[in-house]
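Same chain, two partners: chain A is paired with chain B first, then with chain C.
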Partner chain A sequence: MIEGLEWIDWKLGPYHACLPAPMVLRLKLNVDTIVQCEVETGFLYKGIEKIMETRSWQAAMVYADHLDPEAAIFGELVFCMAVEEIMGLCIPPRAQFVRMILAELSRIVSHLAFLVRIAKTVHSEVILHYLLRDREKILDLFELLTGARFSLNFLRFGGVCTDMTEGFLERVLEICDNVHIRMREYNDLFIFNDRFLNRTLCLGVLKPEWVLGCGVTGPNARASGFSWDVRKQNALMGYEMLDFAIPVGTGIRGFLGDVHDRVVVRLEEMAQSAEILKQLIETVPSGEYLQEGYAHLKSVPAGEAYVRIESARGVLGCHLVSDGSSSPLRVHFRPPSVGHLMVFPALCEGLSSEDLPLVLASLDIGIAEVDR
Partner chain B sequence: MIAGLGTGFLSNILILFFIYSLVLLPSAALISYCDRKLSARLQARVGPHRTGFLGMLQPFADLLKLLQKRSAWDWSWEDSVWGSFQAMAVYASLAALPLGSALLMDTEMSSFLPFFSALVLALGSLLLGLNQATIAGWLGGIRVVGQVFSGVFPAFIAFLCVGIHTGGFRWKLLASAQGFYPWSWTCLTSPFQLIAFLVFIISGLIILGLPPLEGSQFPSEIDGGVVSHLSGRRWLLFQLSKFYGFLSWSMVTVVLFLGAWSLPDALVQVLEAMEAKILVSLMEFFWLMSKTFVVMLAVIWIASANPRSRVDQMTDFAWRVLSPFALVALMGAALWESWVVF
Partner chain C sequence: MELLRFRKRFVDKHQLLSKIHEILPTSAVEIRRFGREGPLSLWIEVQSLLRLSTFLNQDSELQLDLLEHLSVAEFEKVLVGSYFLRSYQTQEQLILRISLIPAASEGWVEVDSVVSVWPMAEPMEREMQEMFGIRFLGLPVGPRFLPEYQGFVLRKGALPGAFT
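== the complex of A and B ==
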């Protein structure tokens, strides 16, 4: 700190152009360097969990959609799987495949949205528009299959709402080919762009002890060297049949776990998701898409379940308790963004205020699931 | 002094009126339109296409919109001080531009004018930041000063390199040292002049805060902080002063390094034989403007495809890369002129 100068207090938010979502940042600055950062959330509180406890089982699913609007399928999926675990329900293989296809497409959509925010914070409009163009194509696919682009409400207990639309798989295949082509462009614009490297290398280094201490998961943890993915470690949905890799940060250019690693890991994950989709399309089984007799579920037997899946942002858990009535007794989500938000103040210390939006965007915090 | 037209004071005034009212001032609209179309194409978009033929009237629609926007607060005396500095910067940028061999304010100091206008513009931006009485404005104002000082030094050294080559700083002297063809342009006379050219144009972007090196003047509060609260007429004034600063710097770059207004000798001889001096002046002007626009569009193109740098990265770049290169270019140019040329 410069002697004779007091710290500057700067409050940003709850709505500010540099923030990806409504939140308040209370900064203490030493001229331009951040000394301390406090985060205040709750501006997007919707009471999703409580509302779900007052609705019927199927109606509760609609609210699970709003857990993370950018990749709605993960909220639906984890809630569905928790219900199915309590009921001991096995779903048809075709429905399982449709769920996996939707999950991987949503992962790509979410990572593209992440890259859009990164491009926006480094003010690179060309990349931003390319990314949005590609994201639109996948949202079109969602519309083709489910009739909605964001809040899909497509899953049902015991399967999915309808069978796949004609031509859907062919278009998914086109998306996969497109992702591989675009990956070269993204590499040129991101990974091989000297200006971009200058902004992201050695910045916002997420140390392994912080990852463990704050419960950071998903691509952020993998960028810091943790090769841990629920799809591999605790395969529930059929991922064990697929051949795919878990991208991990290397820190080969800067430091392990810096902003650059977080971007690169997500880019590689998009390529891996495209590979998974190709394998799924090659082996889609025929048969039922919904377990018979569960289309209009009235009640769930008494019981308790905790299920976790690998969402686009990290490990998404759902603790569900049923007392055998027509609505859930207790629903509690464990969203990955809470851990990411907890680690953010530690990452801010020593940063230039100009880098704040970039580090914040690189953590991919979904404030909707934090406030929920 | 406007000299050599030979048709009297009135014709000189008419030519200048024509150039300023029909070419120089509307050039902001033209470049803005080209910028938006080019950026749109690069970004897989269409760009402006509704207002007028192919959207060509879009800049004028924007101008009218900005002029009629009501401000959220009245003009204070602080605003007036800032506004007068911005207006001074626009005036300094445009008033004494070298527009051709006959359309000049040619003194020993004329070619230093772009530095003056850029510094006045920076002072205006500093005041704008401090006027806000916010943390963002204060940080933004300090960043502008840091950025401008880091850019001025290498730009000035690069400018001296040209003076060494031409033997003076009068516009005519700077222009007459070059010809129509690229191999006679100052930037290609020696490797040191080429370095000086690159340093000069990059430093100009840093001084004026132009993309992709706008850093401190970016319209985001946390990055720039200086202009984030501007709207309507204030925003228009700020943008116009920056645009004309860009135009002025690009034109001076062309005059210093890229052949100025030089036409082919044969063509000039034919036109002079016909005593068509006004035509020569106009052709020189349009040739100069064409090259200036190409320089501006090249900068816009590069800016569109690249992420923005932080201010401290820019100042680092200016002090640690541009300045040493500028000094090497200066020493090299001096040695080149003394040993190779003589």
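== the complex of A and C ==
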């Protein structure tokens, strides 16, 4: 610190209008500039992993849903895949397709929620309502297929709970067309909007060395130029037969890895998800949706597995240990938001306090994952 | 940046063992596959964790520069720590494993922190320190997740709801 200058200590949270979730920010300010930031979490700790150890295998799935309430399917998916890895279980192709459709729809939902938070922080009420309108349509689809809008509890070990509802695929196709139409509107409202550009360009630059040092993954890492995507690396996820691109940040208008890049990458990812969905719908195989004999799984053979998938926020891992009994011995998730939260104090230094909510929202930190 | 395409690359067992044997002859206890067809898992002595981690991180061929996950599981009162390592460049994987035996059911155990090698270990170690009672030597002091909780939440003997 520089002698002679007075620093203002400011504690924000755990509940505050500028915070997307319960957390405490301890800031040191020089007039309006943030000099230092410390983050405190734990206000939403639910003990999901501990509870899962005390439940039957199928009941544990319900808790995996609560890992990230905005995109619940990813928690279910990674837990299911870990169990199937231990058992050496292959799922029917139709079930794989349903899982991928749900995952891509959830990715769009999660990115729309991200854009809502961004719109809120830049006080763009109009965009916010457009985004929520589109998100509702996908949540309606979840309800049509699973009966639930958020905690789906739809996956089963060896497949999915039921077959697709009549008319589901047609409505998914409508959503895909809708995403492409809306993309033009979003481009006008975000990318070609001077007011938005003034707020987001060259702000909150996530440097490549911070990405590597803090283990940042997902769209945040891609916005900083790293083209990592587990969908291109993990054959278990089933994306190898699909043709899709991995959008990365370019920094063409500001700096590589700024808030603007993080928004643009997510917009492009939504378009890519719509493309993936279209390809999936064209080739949905017929057949079983659940591996025979696994509808009521009582126990899992002793063993352990570590599986990772590309969730909407980044790499989501699950280390699962079974001792052969009727409940898991240990479930430990690797949520992507831990890395995003770790890098946040570094992004804050030198930032104006009015930009703090925007940078925080742009990292898309799911505090439910951190305080799981 | 180069696009990393589909591939599952695992560290070569013999190459790894010979390298470790040169540097730390007594550090590796056992080497085996993780899970059914997973990467190599290397069980090591707790005392050699930091030196071996530094070597794995700095070796020009292995380049295990990402600590993707740190997980702890309790097997019959033995705490087993698993460090899931990966290389950003080559996508090679390796799992370092250590076992820690607490003197008492509510006793602490100690192990070196690897924050100096992999900075991303800090939040993971802090969580494991609080939840399992593993004191990571060299870990910067930070706020607790559950300051009002007595004991170590994720150990098998922990009682749910034991809040002060």
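Convention: the second predicted complex is superposed on the first by the 367 of 372 C-alpha atoms of A that agree within 3 Å, B and C clash if a C-alpha of one lies under 4 Å from a C-alpha of the other, contacts with A are read in each partner's own complex, and residues count from 1 in each chain.
The rule is simple: a contact is a pair of C-beta atoms (placed from the backbone, for glycine too) under 8 Å apart; a residue touches a chain by one contact, two chains touch by 3 or more.
Because the structure is predicted, anything quoted here is derived from the model rather than measured.
K.L.:
A:232 contacts which: chain B (first), chain C (second), both, neither?
P.N.:
second
K.L.:
Between chain B and chain C, whom does A:371 touch in the aligned arrangement: first, second, both, or neither?
P.N.:
The answer is second: A:371 touches chain C but not chain B.
K.L.:
Going by the contact rule set out at the top, does A:305 touch chain B (first), chain C (second), both, or neither?
P.N.:
Touch status of A:305: second partner only.
K.L.:
Who wins on chain A residues touched, chain B or chain C?
P.N.:
Partner with more touched residues of chain A: C.
K.L.:
Under the stated touch criterion, which partner chain does A:199 make contact with: chain B (first), chain C (second), both, or neither?
P.N.:
It touches chain B, and chain C stays clear.
K.L.:
Applying the touch criterion given at the start, work out whether A:342 contacts chain B, chain C, both or neither, answering first, second, both or neither.
P.N.:
Touch partner of A:342: chain C, not chain B.
K.L.:
Answer with first, second, both or neither: which of chain B and chain C does A:32 touch in the superposed model?
P.N.:
first
K.L.:
Could you tell me if A:354 is touching chain B, chain C, both of them or neither one (first, second, both, neither)?
P.N.:
first
K.L.:
Can you name the residues of chain A that touch chain C in the complex?
P.N.:
Residues 38, 40-42, 45, 47, 49-50, 85-86, 88, 212-215, 225-228, 232-233, 235, 240, 246, 248, 303-306, 308, 315, 317, 319, 321, 323, 329-330, 332, 334, 338-339, 341-342, 371.
K.L.:
What residues on chain B touch chain A, complex-wise?
P.N.:
My answer: residues 39, 42-45, 135-136, 139, 212, 218, 220-223, 304-313.
K.L.:
What part of chain A is in contact with chain B in the complex they form?
P.N.:
8, 10, 12, 16-18, 29, 31-32, 119, 122-130, 133, 189, 193, 195-196, 198-199, 352-357
K.L.:
Show which residues of chain C lie in contact with chain A when the two form their complex.
P.N.:
Residues 1-8, 34-36, 38, 65-69, 71-75, 82, 84, 88, 91, 95, 119-120, 122-124, 143-147, 153-154, 158, 160.
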